[in-house]
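We call the chains A, B, C and D, going by the order they appear; numbering starts again at 1 in every chain.
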Amino acid sequence: MSVDERIGWSRDGLAQRAADDVPDGAYVNLGIGIPMMIPSRLPEGREVWFHTENGILGLGGVPEPDQIDLDVQNAGKEYATMVEGASTFDSSLSFAIVRGGHLDIAVLGGMQVTPSGDLANWTAPGRTPGVGGAMDLVTGAKQVWVVLDHTDRAGKAKLMRRCTLPLTGARCVTRIYSTLGVFEPAGAHFDCLELAPGVDEQTVRGLTDAEVVFAGGGR
Amino acid sequence: MSVDERIGWSRDGLAQRAADDVPDGAYVNLGIGIPMMIPSRLPEGREVWFHTENGILGLGGVPEPDQIDLDVQNAGKEYATMVEGASTFDSSLSFAIVRGGHLDIAVLGGMQVTPSGDLANWTAPGRTPGVGGAMDLVTGAKQVWVVLDHTDRAGKAKLMRRCTLPLTGARCVTRIYSTLGVFEPAGAHFDCLELAPGVDEQTVRGLTDAEVVFAGGGR
Amino acid sequence: MDKIRTDVLEMLSIVPDGASLAVGGFGLTGAPIMLCDALCELDKRDLHIVANNAGIDPTGVGRLAQEGRLRKFTGSFPSNKNFFSLFHEGRVELELVPQGTLAERMRAAGAGIPAFYTPTGAGTDLATGNYPARYDSDGNVVQWLEPKDVRVFNGRPCVLETALACDFALVKAHRADRLGNLAFRLGSRNFNVPAAMAGAVTFVEAQNIVEVGAIEPDAVHLPGVFVQHVIQSTGGWVGNPNPPGASW
Amino acid sequence: MDKIRTDVLEMLSIVPDGASLAVGGFGLTGAPIMLCDALCELDKRDLHIVANNAGIDPTGVGRLAQEGRLRKFTGSFPSNKNFFSLFHEGRVELELVPQGTLAERMRAAGAGIPAFYTPTGAGTDLATGNYPARYDSDGNVVQWLEPKDVRVFNGRPCVLETALACDFALVKAHRADRLGNLAFRLGSRNFNVPAAMAGAVTFVEAQNIVEVGAIEPDAVHLPGVFVQHVIQSTGGWVGNPNPPGASW
């Protein structure tokens, strides 16, 4: 059951839902994909500082065509802009920021995540692997949020008891925004904090390969 | 027999003799004391880049009183100047330069040095010890030159078979400029490359607590 | 002291086949494309390239990879289709490294730090050695990554990572002077500083060669002591493989 | 986000007795004297100060030392007579560290590197632990430095050094903005960057507080993410304990 079937949040809705939770004043790193849709969806007046692995703190949104600067890109190698007060640095300082625990949140995509907070998101059979900064981010950021479709294209659960793919990090995920709702790894089960509009507990249970405890008390 | 009795080179003469040997284009760090007299004694036209632990590459000489800048000092905490093309950096990069092998020469003072190249220069009974950057410099610089009185104030040899004072580094000294001549540690003995004016082999032998082999072949 | 060179082929002719080279840039931002092109023109082979990316398209390191000039690639994001074909055919070795660990290992080489511990990657396949480093021509794994030593600090398992010293470095700077002082522009600094530190001999292509003193002391991003050769860049990249997209 | 504070005593009141503080500066160049003075005025005690110098005269860290506010000093150049009297009377602990190792240990703390190997000091008393860390009141050594682990890399013995994480950092900058972005001037950068990285909470006294954007992105020496509190410096040092001498 994929996002294309429009159960729960759309890609936009998912990015919006995560954006709503990014606190004012936070230092945040965004992974490639849906996480990179967050900046343009931040509520008005919220000052958030986006860090990118390639050495910019204070990344802004997409440039107008006449604003494109070859030296300003995000970690996904897309053109970006910088906000006033931004700073630039080399890759070793960039990862000192990551590894040293100075980022409040890393928002990453995910292939598999478990109730103990294990995450797999860097390689899968048939993919050309690139680990990039993912292992550094899950190790260093104070919070690791994963944004993903609740299931893969074949309908298989991505929230599951044990990762079958190689781990990016163990016990690192603190929050999950899936197309079906908001979850937290709670050790032996997932806590469901919120369901996406039109999604019920039974649907979540059926599409999750681990126990889910709902905020209302349902299991 | 100390420098005050004026056997061999004076402090000025010693600094001049070492300065003569600093090659064009070298990156050089200078210890506190006589080594810091080298820059103003460099032969005309020789471009040498002086590095100071506190984060400047391209240190110049003493400022005129109206040139004094509180933010420009040498490692001895004396006011200094910067030459055109100088760069500034923090202490961790400063010691990356030192430890990473990027300096051609460190010119240091010394209390004791042995034929195997061991150096003691950071502490002695009754002194308030400050190790500073000495251990980093002797480890990292490609060449370590020691500039010293041939004997201490009590007339005891500073070139000796074994250091009795705590080591700054083992097997690190490559050249010695003493008030009596120019020497190199050669393993089991010192090679004397040159005698200071008016100094004879016998005097050196008598004031050195290790075998000395002279360039002319004498021992 | 004058580190300015004028003939890129003559300058790079000192690089022997089989050499290891740290290369700056992130994707194509700050990538020393002219220097990579010159290595191709000089027909250099069996290179060990240490860089973040293996190149998205046949430009920069991507061209070196495409032309089969690599015996080994060390980096975090070798997502180049051509490179992966070569890898799976057993024609090139891959050392896959987390990006921050890569940058720190390059810096460590230039800083005289032979090894350091980091929590990054601990417990993953990249630390346990459960990831292929080399295939044979039939696609069987014949070499795995080296397992890394583990030690616990403050209750956290950390892996020992060693310095990534390279024979040479290829770097792109925005401004350089004859002393080798470098200044970079915005996001193009990235891996250029760690690469320059990792290389025993560092070559710089500079967009602008400036007079000594034109880069203020406080504006020097990397002091000239890390640089051996500087040459005027004749170009750079103009196209972007990922045009500005709707996904941002 | 506004990290600008106006009352130095109120700002520093969150520092408890017994806290560890990394302090920038080399001698008095770049030393956060106003912040050190405020700690004295707040009568803070039993501090663990991590800094290059223990102060040449009773200014900055020198004043903290002179007033007996230190339980421990970690640094490379504690050549302060008063400090040494206190040390030999058993009233303060000393952890003597080579200067480059000190800077790297402070940086490591902020960079999430729990430990690293370095050749500096290997085989010396500072590595073998054959140097006093604490005396009793009769002048007998009651504690020695910890012996350091040794491992050989490339044929060279190296010692394992651990990150020097501190509860707080005191830093002096030339320019700062409300985001905590810092720029330093000439030789005053020195230990201020590693100190700011080592502190979990970093206080900055700035000679100039500037508008956001006034420090160009490429001119920021330390991004604001490492800084929590910024205050206008009211002074700085004016005298030099070592007047310009004939010895240079």
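Just so it is clear, contacts are C-beta pairs under 8 Å (C-beta built on N, C-alpha and C of every residue); 3 or more make two chains touch, one makes a residue touch a chain.
Computed from a prediction, not measured in an experiment: that's the story for all the values here.
The minimal number of chain-to-chain contact steps leading from chain A to chain B is 2.
Between A-D and A-C, more C-beta contact pairs join the chains of A-C. Between the CA-based centres of chain C and chain D the separation comes to 34 Å, rounded to the whole angstrom. Work out the mean CA point of chain B and of chain C, and you get 37 Å between them. With each centre defined as the average position of its C-alpha atoms, the distance from chain A to chain C rounds to 28 Å. The set of chain D residues touching two or more other chains comprises 104, 107, 111-113, 118-120, 184-186, 189, 217-218, 221. Contact with two or more other chains is made by residues 56, 82, 88-89, 92, 95, 98-99, 139-140 of chain B.
Contact topology of the protein chains: irregular, matching none of line, ring, star or complete.
Pairwise chain contacts present here: A-C, A-D, B-C, B-D, C-D [touch as defined]. Contacts from chain D toward chain A in the complex involve residues 1, 107, 109-113, 177, 179, 181, 197, 212-213, 215, 217-218, 220, 223-226. Of all residues in chain B, only 33, 36-37, 39-40, 52-56, 61-63, 65, 68-74, 76-80, 82, 88-92, 94-95, 98-99, 128-136, 139-140, 166-170 touch chain D in the complex they form. Of all residues in chain B, those touching chain C in their complex are 24-25, 27, 47, 49, 51, 56-58, 82, 84-89, 92-93, 95-103, 139-140. Interface residues of chain C, counted against chain A in their complex, comprise 26-30, 52, 56, 76-81, 84, 96-104, 106-107, 118-126, 130-131, 184-194, 221, 236-237, 240-242, 244-245, 247-248.
Within the complex, the chain C residues that touch chain D are 104, 108, 111-120, 151, 153-154, 156, 158, 162, 183-186, 189, 217-219, 221.
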